[in-house]
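This report concerns only the one structure given below.
So that you can tell them apart, the chains are marked A, B, C, D, E and F in the order they are listed, and the count of residues begins at 1 in each.
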Amino acid sequence: MNSGDTAWMLMSSALVLFMTPGLAFFYGGMVRAKNTLGMLMKNYVAMGLVTVTWIVVGYTLAFGTDLGGGMLGGLDYLGLKGVAIDIAKGEQAGAIHGATVPDAVIMVFQMMFAIITPALISGAIAERMKFSAWAVFIAIWSIVVYAPVAHWVWSAHGFIFEHIKAVDFAGGTVVHINAGAAALAAVLIIGPRLGFRQSPIRPHSLPLTLLGAGMLWFGWFGFNGGSSFGANALAVNAFIVTQIAAGVAGTAWLLMEQFQHGKPTTLGFASGAVAGLVAITPAAGFVGYLAAVAIGVAAGVVCYLALQIKFALNFDDALDVVAVHLVGGILGSLLTGVFSESRINPSVLDGLFFGGGSTQLIRQTIAVVVAFGFSFIISFVLLKLVDAVIGLRITEAEERRGLDISLHEEQSYALTE
Amino acid sequence: MNSGDTAWMLMSSALVLFMTPGLAFFYGGMVRAKNTLGMLMKNYVAMGLVTVTWIVVGYTLAFGTDLGGGMLGGLDYLGLKGVAIDIAKGEQAGAIHGATVPDAVIMVFQMMFAIITPALISGAIAERMKFSAWAVFIAIWSIVVYAPVAHWVWSAHGFIFEHIKAVDFAGGTVVHINAGAAALAAVLIIGPRLGFRQSPIRPHSLPLTLLGAGMLWFGWFGFNGGSSFGANALAVNAFIVTQIAAGVAGTAWLLMEQFQHGKPTTLGFASGAVAGLVAITPAAGFVGYLAAVAIGVAAGVVCYLALQIKFALNFDDALDVVAVHLVGGILGSLLTGVFSESRINPSVLDGLFFGGGSTQLIRQTIAVVVAFGFSFIISFVLLKLVDAVIGLRITEAEERRGLDISLHEEQSYALTE
Amino acid sequence: MNSGDTAWMLMSSALVLFMTPGLAFFYGGMVRAKNTLGMLMKNYVAMGLVTVTWIVVGYTLAFGTDLGGGMLGGLDYLGLKGVAIDIAKGEQAGAIHGATVPDAVIMVFQMMFAIITPALISGAIAERMKFSAWAVFIAIWSIVVYAPVAHWVWSAHGFIFEHIKAVDFAGGTVVHINAGAAALAAVLIIGPRLGFRQSPIRPHSLPLTLLGAGMLWFGWFGFNGGSSFGANALAVNAFIVTQIAAGVAGTAWLLMEQFQHGKPTTLGFASGAVAGLVAITPAAGFVGYLAAVAIGVAAGVVCYLALQIKFALNFDDALDVVAVHLVGGILGSLLTGVFSESRINPSVLDGLFFGGGSTQLIRQTIAVVVAFGFSFIISFVLLKLVDAVIGLRITEAEERRGLDISLHEEQSYALTE
Amino acid sequence: MKLVIAYINPYKLDEVRDALKEAGVSGLTAANVEGFGRQAGHVETYRGSEYEVDMVPKVRIEVLTDDTLLPIIISTIERTARTGAIGDGKIAVLPVEDVIRIRTGERGREAV
Amino acid sequence: MKLVIAYINPYKLDEVRDALKEAGVSGLTAANVEGFGRQAGHVETYRGSEYEVDMVPKVRIEVLTDDTLLPIIISTIERTARTGAIGDGKIAVLPVEDVIRIRTGERGREAV
Amino acid sequence: MKLVIAYINPYKLDEVRDALKEAGVSGLTAANVEGFGRQAGHVETYRGSEYEVDMVPKVRIEVLTDDTLLPIIISTIERTARTGAIGDGKIAVLPVEDVIRIRTGERGREAV
């Protein structure tokens, strides 16, 4: 066990946990004031529920000994059995990808990913979903959708990892495509907000959104930088390309706005930066600095254009989870196959751009399709079930009054006393 | 000196410092708008005053060579004499509990604890205490209450540590019971706010409270994780049980609300999570994952029920410092004696639940009683003195107008310009 | 390569990045509500633009092989050529000041400094500057002003470092004097806000300012602590004196307010703390704990008094960049020559106070003058050019309506829906 | 001349304003207010303490008008603000003695 | 019919509203306003610059009523809002020509 | 007695208030409102979606006065609030039947 690596993994775990409040504020600022707490709550509660599902079964389904075929982990770590630190016996380390840190720290690092992934979906169903239905949905989703996909992609014998040989450094498929596909399913089922496309629905506090973006950016260094499982050269690379992609994508988005509307916006910069962070996520341990520039530009431009999808298809993806996370995740996963360099990470082929041909790109494409298809279908079915049993949507009167009072009997702001 | 351990201790120290602004916002969101800055200030100023008292005498009283009987540290580190880094002589390390990091980093890590502990008390006297009285109170309190208790519990020859042999990993007694007992004394002396139990006193900005809760949760990884003094297996254990207890307690509190009122609240989730963090604090380096689940459930349920105390006894503990920190701290300290495992930390006996009998539980109980009694009595006397000399309470007119304008000549929000 | 040092440098880099959002909120809370987003944006965009300029030419101009005379770095790292992590060849480390961490992590750590430095200037021109002009200005400034000064002071062959032998641990000259001098130039050119000294211009949200101050304080541990390039004893020293100076200066500022106006303010505490952080920045790796107390007191008192400059000279330095960063930076740089101790850092002479005579103080003075003069002159010329080509200032109607709507077509708050 | 005051549901403001504009009204002023009436308020719960909030957010519209437009203004507001549920609000008509346009100094009907 | 406007101290709103309700008033509308009058404002200080703030936060209540209830409304407000300190505020009575309940179209006394 | 209502630009409030004070007005009440009129609003853009915002922030002033001071109040507001640009706002004068000072119970002219 290496104390420097362990220090970095502890810190990275804390940083990734901090992203969930960050996401809550990023989203929370974008809804109307009457729905602020409803939005924050849908994120915060993931820090409660998924902590529980992860320690009970999520972790073992994702990282337990493969049951065969690379489809699912076994129950050896059920209730975190065998993951505990046992000083007397010496710390266990190396079980997961031979890392030099205790297995337990990887368990908790991965827990933070399992928490934020379902939270990402909440942006799509903002301002209209029941809290009870949401709680049930994400608890089950974290087990039946998240854990399997994490196993496929990140477990040593997961079929995407071992057989398809697609790579995903920090969660392009596992986190972003996965959540984005579920968001798409959710939007299709739950339908648009009252007044969608009729009356303006404005962000109630962009400072909160900017704050959330800052927290996300900060936390993302742990998200990507920690995915190397140590304070090593790969972590440094991941850290740097994360910064580059975020900065470049934010700038690119601003330029798109400048060209299309003549005014750059703060929401635009924040959105672009997040899009860049999403797109670099799968690539961070495989691509170099200039590739990060390219990925940043692509993320800023493509995700910006993808905003139009919801108007074209007329569905109300309230806070653009599809445009940013699904599209950004797909983009990043594919561009990993274009810009990967074995020089940076021997575990990957050189990408299309570096003379490695299209092999890695094809692998990436397969992984994208598999992850999207699985997540979309299972999420769709699960949401239909929850809808049938509990009902996904609040009443019209509740929606008018706002989630804060209707669902939580609280008011977000009382500034006049 | 180990660089990995040092990296983690530096980071942990920064994280614990970050908790004081976190606490400021957690509390600040719960008061009325006109008292926001007054609330924030009572926390922020601790980062100024206690820094000074700690370097001058606090540290040496707590961690200086024991004067005999384990009651107080000597003056060997007065004004941080002898704590300085001396490159030429080589860094000093190991003086405190044989840690592998420079003594100086432990000094600053402990400083952050000394800062946040009096800040915790501010929630109890919210919306009605003079700033001058507060400043004088916490400066003295950090010396005459905090430093001795820290010595008893955490110094190698402190009597609770050495003789009673009670354990407190990261501050169940030193921080939470200590602050909670002082809060109780303060509430009894200062009396209720104008309008307490007559007119509604609502939180003015729950988003700020949620933000603060997120910052606290994040920082607590340093609080508990750093209390192992290195990036070691114990840190990993402390980190994980911290996350588990917070998540579980937040969820448990929500369920209590659901059962009692039919509506889960965001303030409830945040409160529950903080209660869980409090309760796991003394236990973090001694208990395993499933014990953390149990402690989380207990914290969520018991602290929720403890809210009723203030209505039963009719005292105005404005932001529930007693219910969360005193009750949560006692709960965690006692449950440490129930769930401790020598397998996890050889320096502790197995607890009641693990076949070790009630020895450790009895020790814990004694420590709880001693810490509570000492803090309550000395705080009470000190507050009475401050009241006599300066006066604790603002005038009725000042209270009506709000602390921001009355005490600080500032306004928290001017949103219409 | 040392993993503990690398962990700390990664973390420090993340912390310094987090300071830019922190600064955005520190400033953003102080402007009127209608200019909030305009203020946030001027900071956030630095995270985009300067990321780009730094990787393209900034880094190589600052840290490339000296072109001769210690004036500028060569183009060896153009586009980050040669900085990449190359696993096969082994990580490169030690190129910069013989550090034990990969060169690339120092590159990104320094990038974060290059980002926040121009952002600091934004406080001076608050509430009236065009966004386009700002974007162009900071992009160019980061190349023609920041990079050279960084080279002079921090590159092994920079002329201030090598020939003048002035020291600057974490950016007294490079960051604070540099930005402060540019701020002064900017204020003189752009002129006062409409209504300056006629009608009250109040902070719209001091809670945001306090939040920003908390984020800055937290991040500053990376800023100063990371400037030792490892988790070593020097980092510990820098960390501790940072905390001391911030706490003491905040307290000192409060006392000044108490004496002058009878009321301590939250804005005062935050301002004082930031002033203390600024002043300790150049000194952090050279001075001891008690010197940090002295520097903190000096910063709190002198920067407080320096607020009067703008009224005396009748220029509208909106958020007091000159009083806090220029004056604080000069103060800290000079006091480094007073309180430096070779015992703490062998690379520096003992200062005036420790019997080393005035040699170091004279060196520091020269560096201050050179950095101030260069930055002021080049910034002045650059701003004049930008003014001629784009125009620095928005129209009167735009200023009245506010930057948010005028420049970004956004509204910061919509709290009534 | 008259001053028409109407208390309406906030989410009806856009609709009412657009309809009034179409009906020939050249200006109006709106403010966020809290209304108390037959419409039930709501309960808020903070750490187990329940608070009854009797006041409901409403928007208060004010239209200065000459007498000829009055009937159409009233009927327009009635039509667009009505949902049929309790809380739709009220309209009041007050006499006005004079109106002045600040910019031009015009008075009376011209000023509206 | 009449429109009663009252400017009162914010912390008196609940008491006044409850008393009016008891007195038979079926509805009212309140808004946050800032008042200028005999009552002193306060000073704010930001980084050493002092600002005099002359305006004091008040609540403005509006009650539409038929004439019979008018005296009791006035006396109720007087009684409950009075503290005896400067700044207790004022009550004004304005004539109203018509009142309409939007939900039902009722007019006049029925509508109040 | 009269009630003078004026809608003015927010940044004119201080000037108008000071001038009224000088003219002998002993009190007034102000509120933040949104105005719709000839003055153009603005466009907001969020993630590429444009919203036309027709309402412009204004301040609404209310002055209770006896009839003698009325002309000077009107002319003072006209003078200080006028910039000559569209959006300067309007003044309306309404009849008032009674005014009561809550603190003392004074009525009519004394109460203003």
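In the analysis below, a contact is a pair of C-beta atoms (placed from the backbone, for glycine too) under 8 Å apart; a residue touches a chain by one contact, two chains touch by 3 or more.
This is a predicted model, so every value here is computed, not measured.
Enquirer: Just to be sure I understand the contacts, which chains border both chain D and chain C?
Expert: Output, common partners of chain C and chain D: A, B, E, F.
Enquirer: Higher C-beta contact count, A-D or B-F?
Expert: If we tally the C-beta pairs in contact for A-D and B-F, the bigger total goes to A-D.
Enquirer: How many angstrom between the C-alpha centroids of chain F and chain D?
Expert: 17
Enquirer: Could you work out how far the Cα centre of chain A sits from that of chain C, in whole Å?
Expert: 33
Enquirer: I'd like the Å distance between the centres of chain A and chain E, where a centre is the mean of that chain's Cα atoms.
Expert: The answer is 51 Å.
Enquirer: Please output the residue numbers of chain A that touch at least 2 other chains, ranges allowed.
Expert: Residue numbers touching two or more other chains: 2-5, 7-8, 11, 202-203, 205, 211, 231, 261, 263, 265, 267, 409-411, 413, 415-417.
Enquirer: Which parts of chain F, given as residue numbers and ranges, touch two or more other chains?
Expert: Touching at least two other chains: 31-32, 44-46, 53, 94-95.
Enquirer: Which of line, ring, star, complete and other names the graph you get from chains that touch?
Expert: complete
Enquirer: Over in the complex, which chain B residues touch chain D? Could you list them?
Expert: 200, 202-203, 257, 260-261, 263, 265, 267-268, 271, 304, 307-308, 320
Enquirer: Residues of chain B touching chain A in their complex?
Expert: 2-5, 7-8, 11, 15, 32-34, 202-207, 210-211, 213-215, 217-218, 221-222, 225, 230-237, 239-240, 243-244, 246-248, 250-251, 254, 261, 263-267, 269-270, 272-273, 288-290, 293, 343-346, 413, 415
Enquirer: Contact residues on chain E for chain B in the complex?
Expert: 11, 14, 42-46, 53
Enquirer: Given the complex with chain F, which residues does chain D contribute to the contact?
Expert: Interface residues on chain D, with respect to chain F: 3, 17, 21, 26-31, 62, 64, 94-103, 105, 111-112.
Enquirer: Considering only the defined contacts, which chain A positions touch chain D in the complex?
Expert: 195, 199, 400-401, 405, 409-411
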